[in-house]
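There are two complexes below, and they share chain A, which is joined by chain B in the first and by chain C in the second.
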Partner chain A sequence: MAKSSKASKAKTAKKAPAASAKPSAASDPAIAATPTLVSSQAQGKADSGQPEKQGPVLDWMNKTRQWGVRVKPGKAGLRLGDLNVGIYGEIPMQWSDQSRNPRGAVPRKGMPPVGYAVREKVGMWADSAADLYEEAIQRRWAPATDVPWNTVEKLPSDIERAICQVCTELSQFANVEIETIAGWQHQMVYGYHEVKQYLATASFDAARHYECFRKRALVNGGGLGVEGPGQVNRMILESSGGWSATVAYLVLVRAVFTMTILKYLARHAYNDAERFIYEHVLQDKARLLTYGLDHLHFAVAHDDEQPAVLATVLAIGDRVLTRDLRDPALREALAIIFGRGIRGARRQGMEMYEEMMADFMQTHLGYCRWLGIARAPAEAMPPPLNRHAGASVAA
Partner chain B sequence: MAKFPSVRWFDAVREVFNGDESVQGGGGGYCNCIAGMKVGKDVFVLTFEGVECTEAVKADDAALDDVDFYLDMAPADWREMISNIHSNNGADRHHTLNTLDLEREDGLATSHHGDQYREDLFFRYNQTFQYFFNASARIRTDF
Partner chain C sequence: MSEAVDTSGEHELDLSWMDQKGPWDTKAEESRYGLTLADIQIGEYGETPDVSDNLTGRPRGSAPRPGSYRIGNYAVRTKNEIWLDNASFLYEEALQRQWSSATDVPWHTIEPLPDDIEQAECQLATFFTEVEFVAGDVPARWVSETTPDFFEARQVLLAQVMDESRHMDVFRKRAMANGGGLMQATGATSGFVGSIDLSRDFTEMSSRLHLSGEGAVLTMFRMGELMAQNEAEKAMYRLCAQDEARHVAFGVMHMRYMSAAAPERREEIHCYLDEAEGQIVSGVGNPAARGGPVGESLAILLGGGKDKFDEGMNMLTAIRRRQFREYKKRIVSAGFGERFENGRSRLMEMFEEAA
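This part shows the complex of A and B:
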């Protein structure tokens, strides 16, 4: 059901005025009428004191795979996906070109291979990438001026410290996202530029998140707190088995976890500035989630081994996440925020934290089910994930 | 004065929303989806295209098969949300779509098709939908 809807979306995205092709530039009278120039070869002679005028070479003008393309802007402007017409819309399952040749351009002979690690469509593709790229640009926001910073007022010390601690860890999460995406992006072939371009915006989104959490921590008389335990950070950063496995960690584990935290933080925000930040970061993260789900869906649909591989990857991830969750800093800070102080954290705050974790597991397991990735039953998961997963099943 | 729920009410909100350029930047902006609104037994379908909500129509349950997602609340809950928005010139933190989603066992946004990609449009465009309902603070609502 999901596949058909996505396929139709992809087809819709490609609906742009058809391109008409003309044979080549050689027959263009404008080329023949080009005035005589000093060619680069002749320029060398000119430098040596022997000026020699020659006609321009212009042989590059004859080289194009398809000429006469005229894509017209639609109601939403001229979108990246609209350009996928004619040969420019041919997106093969494998990209054998090892150069930086843009898709649809004529390859130059003798180019040394760049050595890309991710060269198959199944390893990175998502039909939604071009749309997500446009969306990220159109729905961008600026922490410096869009966040109503003047609504931040003095808070009790325990609450301010808790917010600063959470912001410290969330800014760390954002930094890991930037580094992870950047670490893979240059390993991806040029043939699937929509994905590379979308990931560039995801990286920029993460930079914005790093910025706004840091700003919140430093805007109200507090400061940064303690560095997070970082086991999951390391797991994501050091995941080297393929981009799909990294996406499983970055999106199915980290992004879903972060989004769940943001939803609860927005619900318990202390002022409009915080609410704005949490809600807008959540929206940005939803794009990464869409890319991740879309990509993994594609990978699972085109590689029979992928569901089992991802199941193993996530089982390893459970154990690493468990170690992070045992660290008290984030848990206690969130409970203080939810409980509106240390006193309230003991009961109300911790109950809310447990509810949040059950929500996280419910969402995470729901996505895994949708993707067809088998997960261990709740009781077989390491503590405290077993408790949270169990609570999510009961809910 | 427009009675909620009705096409007239949604049209009045659309007019305010579509005419407010301030909600088209700062995290708002292009939004392309079809969203259902289920108010008890009443169903309305809203079409969002570009920076506008282009259409609101009354529909029936069957129409919910085709929407990307729909928001489902009892009439009393819709009334409480809209009244809160009117009183505060925008939802307070207890009445945002995000909070209402968290407080419901099955969430506020759901779908018949179960396609995560389409359901998640609720979160991708969440601010736009919040801006849309916040625009109702600028019309007079009768229940």
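This part shows the complex of A and C:
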């Protein structure tokens, strides 16, 4: 935030004498507390559309908390983060206003609250949110037209069945991401709009993932497989105690797991269409990972209790993840893809799967260490996570 | 004699899952516009149930797992509550027409404006910043409460959330790009009974948000050429109008489906429309209503200054007439046109007065 304030001095004109002389609604209770909208609605008055005879009232003019702002576009255009100048870049730790008053605007008093559950910066903030938002928009892609679908060719039936199973489960992962983010987004206050806006891109990304994995499953003589076991899905959806705990499951566990799978799938893609999908979903997921790490870092830094809470949350998560991992469908489907068939799956495929899982656990534990979240030693983790946590990953 | 195969170090596989699958031998093919959602609505994968029993969140058409937990608890599980026939088209169009407020708006065309006009522009931008994301928050909530069996409709709503986020951002950018700043919020989307936020039924919400609220705003965006002072503002309104038209189309097409599939709900829908017409369409809930910060700002922008307020107000009246006409067309298209014939709607009466 210090950076923003500094930038604000450069970009924001000092309050001009005329501007500072302008009356402020905050200091003018007669105006600020006049809910003209409400009273007219309550009276059921309708506007006939006829021109008014009397002149304008114009009592809204000159009501601003800061005037004279002139943000110029930079090399990458006019970005959301560029707007955080002067008072518009002041982002308080608490946001008690439960209306949709834009940050920095003059509030109107007497408005019934919309009702938001997440009203503290520590519960949702990430410094990178504005940049991630703009990046998501710049890196948009469309599965219908950007994926080279014509490169998908007939595959041996065991491999096609395996790819379809993986796509079914990845599509279901995306569904959980959609429902989770969409379920929290409207509970977040307007004061931290950068986060709400980034999350809008994240749920839209997830919609695209839901769609592209479904398309891949239905394009090459296969179909959808069996739904996933869903224990982790349940855990993510049921983590309603706070957005930070949800982020721990959605990002530190699920997104890291999914990204690891995608990384290995990209190496073992059977055609350019699949490679395109895996790489682009990975790119989208990297933004979610950045947001998640950034947010958890902020939460841990500003709430002494948070590291211990997250440690407990993740310890519970280990046991739930273990239950999902016992299911053979995803494991064996990945092994078949990596081993280029059932025969190869029994040895090379499963070896690659084991390497992938070790990679996942090492990455996950590395992020936990970076965040300062204490995790149990590998030997105290439930199997098979203990094995993966203790294993070393080939370069 | 064949050589013995070395099986040491091989993992045993349990391949029973391979027999659990949805309909097989599916081969969707690309159409003129690529591989669209419509192209994969084939065979059983294209069949949507009238009532969804999918409580585990499985992808439609996948094989269910008997031991799965019912974690969905979806409030919207009846097709007619949310469905529309052209969802796939609207979603694909939304993907193709995404734009960036950072780079697609020619911000360099903005030049200093007279203070009254800049203030009017900033008041209007404050209003849009305030209200645009109600149309993001609310659809998001309903997405999380809708079964993935109706995912096509959900995809359109998710695209809408994205669009609204961009609208919220483009108007904030405009307010701060030209020597102005944000002004006073209107409180237009607060928690009033009957507001878009508080609707407890999707169709009620859609009638308020898509048909009435966004319909009124769409007309204003379409008249952006008249309000805009420079190319940047023209681009803003044009691009926002493009997005808003999809959102309104969602509402119209959903109502049309609902009207045909659940005629028993028609009277209820008329009641929602009665209420919306009294507030969002004809009342001061309409941003183009006379008086108030937004109406007066519009009059200044349309007239070209505070001293040409009356001319601006006349133009605003013309915009309101157009709003009425467009609203009526949408309601007729949605299948509820009889309200304009049987005297139930007062909008035409007001339109005639204004004409």
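As a working rule, the second predicted complex is superposed on the first by the 339 of 395 C-alpha atoms of A that agree within 3 Å, B and C clash if a C-alpha of one lies under 4 Å from a C-alpha of the other, contacts with A are read in each partner's own complex, and residues count from 1 in each chain.
Please note the rule applied: a residue touches a chain if its C-beta (ideal position, glycine included) is under 8 Å from a C-beta of that chain, and two chains touch if they have at least 3 such contacts.
Note that the structure is a prediction, hence the values are computed from the model and not measured.
When the two structures are aligned on the shared chain, A:380 is found in touch with neither chain B nor chain C. By the document's definition of touching, both partners, chain B and chain C, reach A:76. In the superposition on chain A, contact of A:85 is made with chain C only, not with chain B. Touching more residues of chain A than its counterpart among chain B and chain C is C.
By the document's definition of touching, neither partner reaches A:117: not chain B, not chain C.
Shared-chain residue A:282: touches chain B; no touch with chain C. When both complexes are overlaid on chain A, the residue A:267 reaches chain B alone and has no touch with chain C. Of the two partner chains placed around the shared chain by superposition, chain B and chain C are both touched by A:134.
When the two complexes are overlaid on their common chain A, residue A:359 makes contact with chain B while staying clear of chain C.
Look at A:55: by the touch rule set out above, it reaches chain C but stays clear of chain B. Residues 76, 134, 138, 140, 142 of chain A lie at the contact with chain B in one complex and at the contact with chain C in the other.
Only residues 1-2, 5-6, 9, 75-76, 128, 134-135, 138-142, 146, 259, 263-264, 266-269, 275, 279-280, 282-283, 286-287, 289-290, 293-294, 297, 359, 366-367, 370, 395 of chain A touch chain B when the two sit together in their complex. Residues 25-30, 32, 49-50, 93, 96, 98-99, 101-102, 105, 113-118, 120, 123-127, 130 of chain B touch chain A in their complex.
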